[in-house]
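Would you mind keeping the following structure in view while I ask a few things?
All chains are identified by letter, namely A, B, C and D, in their written order; residue positions are counted from 1 within each chain.
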């Protein structure tokens, strides 16, 4: 299975707390974590803000089963044509996992049809994700609730459409809640949004978080893949 | 209540079967029909492809309670900035009604996050809309099923997200079905898609169709209206 | 509009903290609260565990627009035939509001098709209800979030079906969340479940709670009412 | 995987068109069909109206992964205690497939919380099931649409709750449509309703119908199984 991880890679590429936390980048932390718990062959490709125009081509997307997206302060620098291709490929069946601040990425907003805004503050507070559907494949092998040691607090109102599958809701010590673990269907593609992952906090070393991401890779992977999802002139079925 | 109707107005502006059917344009047929059955004061403004850049301004949108959209072959000529403003105002609470071939408009596609393709043929076949939720405000006073004398057949697969409110399903003589009467929520705005309305066929003279559009105007009209729907830095609620 | 309130009325009918809190009974606290903020004519009838077999007759139910249900420790003593009639009338269009510990009532369980269990503890902790859909008629005029001074904590997993309309989620000081503000559709009837209302705590004096109940009365009131909702032999529509 | 098939077995147990169509009973037609296309080891047990009190015990249900239910004219003779146990086991994770006229069985109605009525006529008309979600595991390997040679027509209004997963909609030659291919979640259990299967018509020899039933067995099979789904006194998570 071909996994393409886009990581903006601005924070961790220079000295500072993000680099201290994820010295090889968030993309490597995710792929290393997932590879450890999933002995099956996942093949990873990486794109960053810097090289994304070259790496994320139509051909690469057509070969990609699941695209994982992490971005933060440079959403506006992502190429519109790349965004358009990604949305088309999701419609045609490619899986997509959007992490943390990717909620405001062009890709996620284009697929949701909304602003995808959140209320937020950064205090490194603990969070607790309560699983609403314990039979969902995405939470297989995961204890309920999922304890998050320290995170950026993302809170409602989260201006997204009503999720097709609302898997978990996060409780925050500060007094908020968040629908940060949901699946949306767009065309033949499935999109999983999952909120943990601030660049200076250790969520991608949390085994439950990584397990959820691994489960999600398998869940959003395409069942079928088509070439175009458009209008067709047809003949009546009854004659 | 301020209603803004966008009608592409290419077909009916020149001699031919569309002009024969709707001599004053589809926009006028809709506003005249709705005004007749709804004695309440609805105030109508009209935009066409030709003048939409001038008419559909931010100020006008902010004063608009419900925008009705009919377009067909010239979707690509609609201004991207106008589309962007409309999507923002829907998110901020403005109601939207998308009719017939508006399913492939830039506006609807941007709000759905999908291609919004349909299977279709044009035979003027009868259709029959079966109402699934007879208590929905949109079908108040409407007989179940709604008989459509002659229409362009729109059929599944319809590549839209799962509707938030699936109000009716259309049966076609030719052997197809269509989810052509649905509500979607985007931010604070409600969107109603309704499939009748081919430019050479008399659906906008059908009292049940007009009654549905009138009900929908009242249903998608804003409950509240905000200025922006974006992310906000907040303080923790518990201290 | 005819409102029928069922209150078990075991706790408050004898001296103790429940009677101290609601001296005239929970049913009177609700009707008095709602009457104060809704100047429209709501006509109230009351039933208790003791007299419910006599009061809740088929005739009374047929005249009832909305039934409000509060019960706690004596669910098992409610008459099965009364439960059956209520479920039929909900299917035929009657509105139903289930409050607090009514989640385990025979009526609610029969309509949900599940056990409707919750996790719970009684510490009088504060709760905070975050509104997910601020345009919903049930939260008209209500500040987001709704602050609950002191309540019995009800927490997930709440073994109900996925709500048709998930209006609010409650955050608890103790570390839990709860889907305690939801609408379910059953046949032509709408059911609103709302969790505040422990018998020794002041939630029914909270203006926001009462406002929500009043809004809900109007929201679940029947749009249409039928006599039976059963299978019918019909003729084909096409001949 | 242990599959328990309940077949009323009144029609086919006596000479006539039902016996001519399904000489060994509908239960055997289903198990033989499924066994042929699914080489994996499915182990079948059978219950009929006559012996269901003896066969469908708590112990058997606890060992059952998926219960398949076919009943028609004798729903009222099914034992209430058996129904209660089945509903509890569905809540605790057991899968359930309800076929054709099982829509009015005590089991299905108890789990739906509604009357589950349909409009119907028996003309042996062809039907065509349009698949709305082509990526759903239940339609793996199945062509869209599924052509049904001859069936009893079941039509809307179908008085069930809004399906959690609306997989297909049936078009009928006679002019009707039907939501006859849906999944409902109840507690930890999944329920699949599928409308083909009149006792005198050959739907259970239709490879696509059997393929759907086989896929559904795998889809509704329990992910986890618990002992009770009830309310629990807990301690606050934060201290």
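Keep this in mind: a residue touches a chain if its C-beta (ideal position, glycine included) is under 8 Å from a C-beta of that chain, and two chains touch if they have at least 3 such contacts.
Nothing here was measured: the structure is a model prediction, and the numbers come from that model.
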Both-way neighbours, i.e. chains that touch chain B and touch chain A: C, D
Fraction-based call for chain D against chain C, same above half, different below: same
Centre distance in Å when chain B and chain C are each reduced to the mean of their C-alpha atoms: 35
Chain C and chain D, separation of their C-alpha mean positions in angstrom: 32
Set of chain C residues in contact with two or more other chains: 128, 134, 162, 172-173, 175-176, 185, 237-238
Touching residues on chain D, where the partner in the complex is chain C: 87-88, 91, 104, 110-115, 117-121, 123, 125, 153, 155, 159, 161-162, 164, 172-176, 184-187, 229-238
Chain C contact footprint on chain B (complex, rising order): 93, 128, 133-135, 137, 140, 145, 173, 185, 188, 190, 222-224, 237-238
Interface residues, chain A side, partner chain C - complex: 128, 130, 132, 134, 144, 156-157, 162, 166, 169, 171-172, 175-177, 179
